[in-house]
Amino acid sequence: MTPEQRLAAKLAELKLELPAPAAPKGLYRPVLVVDGLAYTSGHLPVEANGELITGRVGDEIDVEAAQRAALLAGLGILASLRAELGSLNRVRRLVKLLGMVNGTPHFIQQPAVINGASQLMADVFGPENGVGARSAFGVGSLPLGVPVEIEAVFEIEP
Amino acid sequence: MTPEQRLAAKLAELKLELPAPAAPKGLYRPVLVVDGLAYTSGHLPVEANGELITGRVGDEIDVEAAQRAALLAGLGILASLRAELGSLNRVRRLVKLLGMVNGTPHFIQQPAVINGASQLMADVFGPENGVGARSAFGVGSLPLGVPVEIEAVFEIEP
Amino acid sequence: MTPEQRLAAKLAELKLELPAPAAPKGLYRPVLVVDGLAYTSGHLPVEANGELITGRVGDEIDVEAAQRAALLAGLGILASLRAELGSLNRVRRLVKLLGMVNGTPHFIQQPAVINGASQLMADVFGPENGVGARSAFGVGSLPLGVPVEIEAVFEIEP
């Protein structure tokens, strides 16, 4: 199965749709390709209907809700990547994820939260190509009050 | 117009000077070039006279002051880049910015703050080459109490 | 002297052992190599006996203890890198470090803390190849309550 086929199966299983790709907001691009690598901007968690997920993990929302937010941020990354590349089948592999979690000062389960996005990448690109390096950490605050922001780097077909 | 010419015009318009390039501080370099990419260290906002901008956004300083700090951090990046490359005309394009904002826990306008640096890059390298991927987030604290720290990656001429 | 020889000398001087390489935890890899660059995941400070260092800098632990934690995170990076490459002698140079410090909101000595890892890299890879670009910043919180998390990028022999 190709990444596009696996994404379609995953979306059907989750009863989710891929969000519309984030429009370039003028002063940055959702994805920039250079020398065989696709660098994505930090993506926020957005429902397919455009609604933004907000709330701080540890007081306003729980780990499970934050994991779902990480999954949605991951879907946003895939939407941007497909818009840039034409098809996710041009992705060779995930290189790295940077996962930022907006939690309370005592929140320490950042890895569990970011797994929501990492599992998506493993499901879509496979256990070898969909698993890359990763850092997950707690921020002080995030744009628009979202619980997670995720950026990624992928290796792509030339 | 070349990047150097556009930078000169921008500095004249803003009545600003490029700061002296940050001296290598021993345990890291301001810029490291490998394989056609220039990776910059995180740069802090410094006036041309060497004075550091400090303060937390949301209580000690406002968004406008933080945007100016982001602009100054961006000028510091350009100063370091010119010192390393000889001329900014060797820059092909901005690849990505990582923008860290020292704000209160409820501050959510990190993108507006980092626009201060992104606008500078777009002005100097143009609307195509000066706009790359970007992540902006709120930190817990920053070195020396500055409001912003910015790192960047550029593609350069071989 | 080679990096492996310098590491052995450094470990003897510090009376420390290299920790066992972190086991791949399923949803990410400790190191991912692509196109001559080795991207490491964020590494946490672990003693050679497997004990994790925890505590926030500025109230629970002091700068000196946090510097040692940064050194241990750096040793963890070297252990992962050796496990991936076979030998540290295949490393050409350090490209960049991202140093995350879990400190109080008023803690501003992130660079001093991360120097614990930067000094290790300079000692092992030499003053030219072991000194790269770097960003150090204060997070809101870190996985498992550790004081530092560090990720790195290295250029390696093909």
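The first chain written gets the first letter, and so on, giving A, B and C; residue counts start at 1 in each chain.
In this section, contacts are C-beta pairs under 8 Å (C-beta built on N, C-alpha and C of every residue); 3 or more make two chains touch, one makes a residue touch a chain.
Worth saying up front: this structure is predicted, and the values here are computed from it rather than measured.
J.: If you take the chains that touch chain B and keep only those that also touch chain C, what is left?
T.: Of all the chains present, those in contact with both chain B and chain C are A.
J.: Can we say the copies chain A and chain C touch using the same residue numbers, with more than half in common, or are the two sides different?
T.: Different, since under half the interface numbering is common to both chains.
J.: Just the number, please: Cα centre separation of chain A and chain C in whole Å.
T.: Once rounded, the distance between the two centres reads 26 Å.
J.: Can you list every residue of chain B that touches 2 or more other chains, as numbers and ranges?
T.: As it turns out, chain B has residues touching two or more other chains at 35, 102, 105, 138-141.
J.: Can you list the chain C residues touching chain B in their complex?
T.: Within the complex, chain C contacts chain B at residues 35-37, 93, 95-97, 102-111, 115, 118-119, 122, 131-141, 153, 155.
J.: Tell me, which parts of chain C touch chain A in their complex?
T.: Answer in residue numbers: 24-32, 34-35, 39-42, 98, 100, 102, 105, 138-145, 149, 151.
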